[in-house]
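Down below are the structures I want you to see.
In the two assemblies presented below, chain A is common to both, partnered first by chain B and then by chain C.
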Partner chain A sequence: MAEYEFETEGVKKTFTFMNRKAPYGTVYALEVLETVLISAAFEQHANIVFADDGVYQLKAGHDTTGIGMKNFSPTFGIIEMEKEDADEDEDIDMVWRIIVEKESMEARGLTADDFKVEVEVLSAAELADIVDASDCVISG
Partner chain B sequence: MLHTVNKSPFERNSLDTCLRLAKKGSAILLIEDGVIGAVKGTVQSAKIEGAVKDHPVFVLGPDLKARGLAEDQVIDGVKVVDYAGFVDLAEEHGTHSAWL
Partner chain C sequence: MKFGILINEGPFTHQASDTAYHFTKAALEKGHDVPRVFFYYDGVNNANKLSEPQADDRNLVKLWGQLAAEKNVDLVVCVAAGMRRGIKDENLADGFRISGLGQLVEAGMGCDRLMMFGD
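So, the complex of A and B:
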């Protein structure tokens, strides 16, 4: 088996994770979520963005017992805890933002109160600046 | 930043969201089924006709050709590029965002 050595010392980038798909219908949401958690292991900055049907990933009250799939929404609670730790601990140089695009949220009749975690609601124009300023965009 | 769109605007909202979230001045390249968005005279044409005012817009020639679409059917202001042009755009713009 090949051995890998990651030269990540001192490497700090800002990742934008662009979640645009509803959960469970496709594997996109789960795959992006796993990538977010990997970025935490490497202490990278992350904008975890939800737009289009991706906003449904954050909807409170997922119950997948009837469809025989794993409910991955508790993971968002872990992400929120991870973010709070990073915000509070001065030794952790990691800025995480959980962002919902206002236009997508409103188009679906949702408000920030419908979500499982605390989010920043930003307009498309504000979000465009954030996407443009990131070092890497992971799309799903 | 270089934005790519690979879905037809008739099938998905990828182009709409790209145009909403791409910062003014950033480049947009239409590839695969995304090339359908670059065609004149469709009910979707207004999107790219508007986009060329705010962004450099490109379309991948081999994907047009594969779908029987000619370069003269492409909306004015959209530049047709080949694979080498795609590589140049990627190299020139550094960061990439894929709208799937």
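So, the complex of A and C:
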């Protein structure tokens, strides 16, 4: 067991978190949010992207009583708060973007007004540029 | 090049951990560095020492442990994902340690590439 020490002092990278799965069918959606929140502690830039069935994660008004699952959608409120803090506080060098892929949203009959938090709606082509410009892509 | 590895699936249902193992081994043999492998989601099951595959099958739990010992690779199991799935110190296989998600973010920050293996 070799515990490795990384040199992270002053390192600033852009993480893209790609959320592509429906919120409750698998655990990916819930657990990736934990990584998103931890990255804030390291003041890293983050694109939190929702595409494919992942767009349903952001839909307002989740009610999970019928399926007996934990409703984790309040976590998006925390993510939005972290983003607002980063946007408003000049001492925090961290840019967070919450992005929904336009094609996925439209294919599912949703609009930006259906979401629990404020989002940027970008086309798949624009999103490709964002992924290309990222240092780390983590999908969930 | 310095690679960080993220494994999101367990050792049997998916190919992810096998592929990650072969990638890690090949990268090390080519002279690259793989300082840390992080196990998340069902990937934490790769660290279960109670796992007993049939004798004629590969045993990824052991293979990871051997690689860690030979090549000094830091195998980190996510504490929160592990607790949900019953991976704790009591049944943690040799070569692995349990820590937080910060260790994944640090691997992303400190490596040239973070390679994710999963669905």
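Here is the rule we use: the second predicted complex is superposed on the first by the 133 of 140 C-alpha atoms of A that agree within 3 Å, B and C clash if a C-alpha of one lies under 4 Å from a C-alpha of the other, contacts with A are read in each partner's own complex, and residues count from 1 in each chain.
Rule of thumb we're sticking to: a contact is a pair of C-beta atoms (placed from the backbone, for glycine too) under 8 Å apart; a residue touches a chain by one contact, two chains touch by 3 or more.
All figures in this text were calculated on a predicted structure; none of them were measured in a lab.
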Worksheet item: What is the contact status of A:7 with respect to chain B (first) and chain C (second): first, second, both, or neither?
Response: second
Worksheet item: Of the partners chain B and chain C, which touch A:132 in the superposed model: first, second, both, neither?
Response: first
Item to complete: Scan A:124 for contacts with chain B and chain C and give back first, second, both or neither.
Response: first
Fill in: Superposed model, chain A: greater residue contact from chain B or chain C
C
Worksheet item: Is A:23 touching the first partner chain B, the second partner chain C, both, or neither of them?
Response: neither
Worksheet item: For chain A, what residues appear in both contact lists, the one with chain B and the one with chain C?
Response: 28, 135-137, 139
Worksheet item: Within the complex, which stretch of chain C touches chain A?
Response: 6, 8, 35-36, 40-41, 68, 72-75, 80-81, 94-97, 100-102, 104-111, 114, 116, 118-119
Response to the item:
Touching chain B in the complex, chain A uses residues 16, 18, 20, 28, 51-52, 101, 103, 124, 127-129, 131-132, 134-137, 139-140
Item to complete: Note which residues of chain A are touching chain C in the complex, please.
Response: 1-4, 6-8, 11, 13, 15, 27-28, 31, 34-35, 38-39, 41-42, 44, 135-139
Discussion item. Going by the contact rule set out above, which residues of chain B touch chain A in the complex?
Written reply: 1, 13-14, 17, 20-24, 26, 95-100
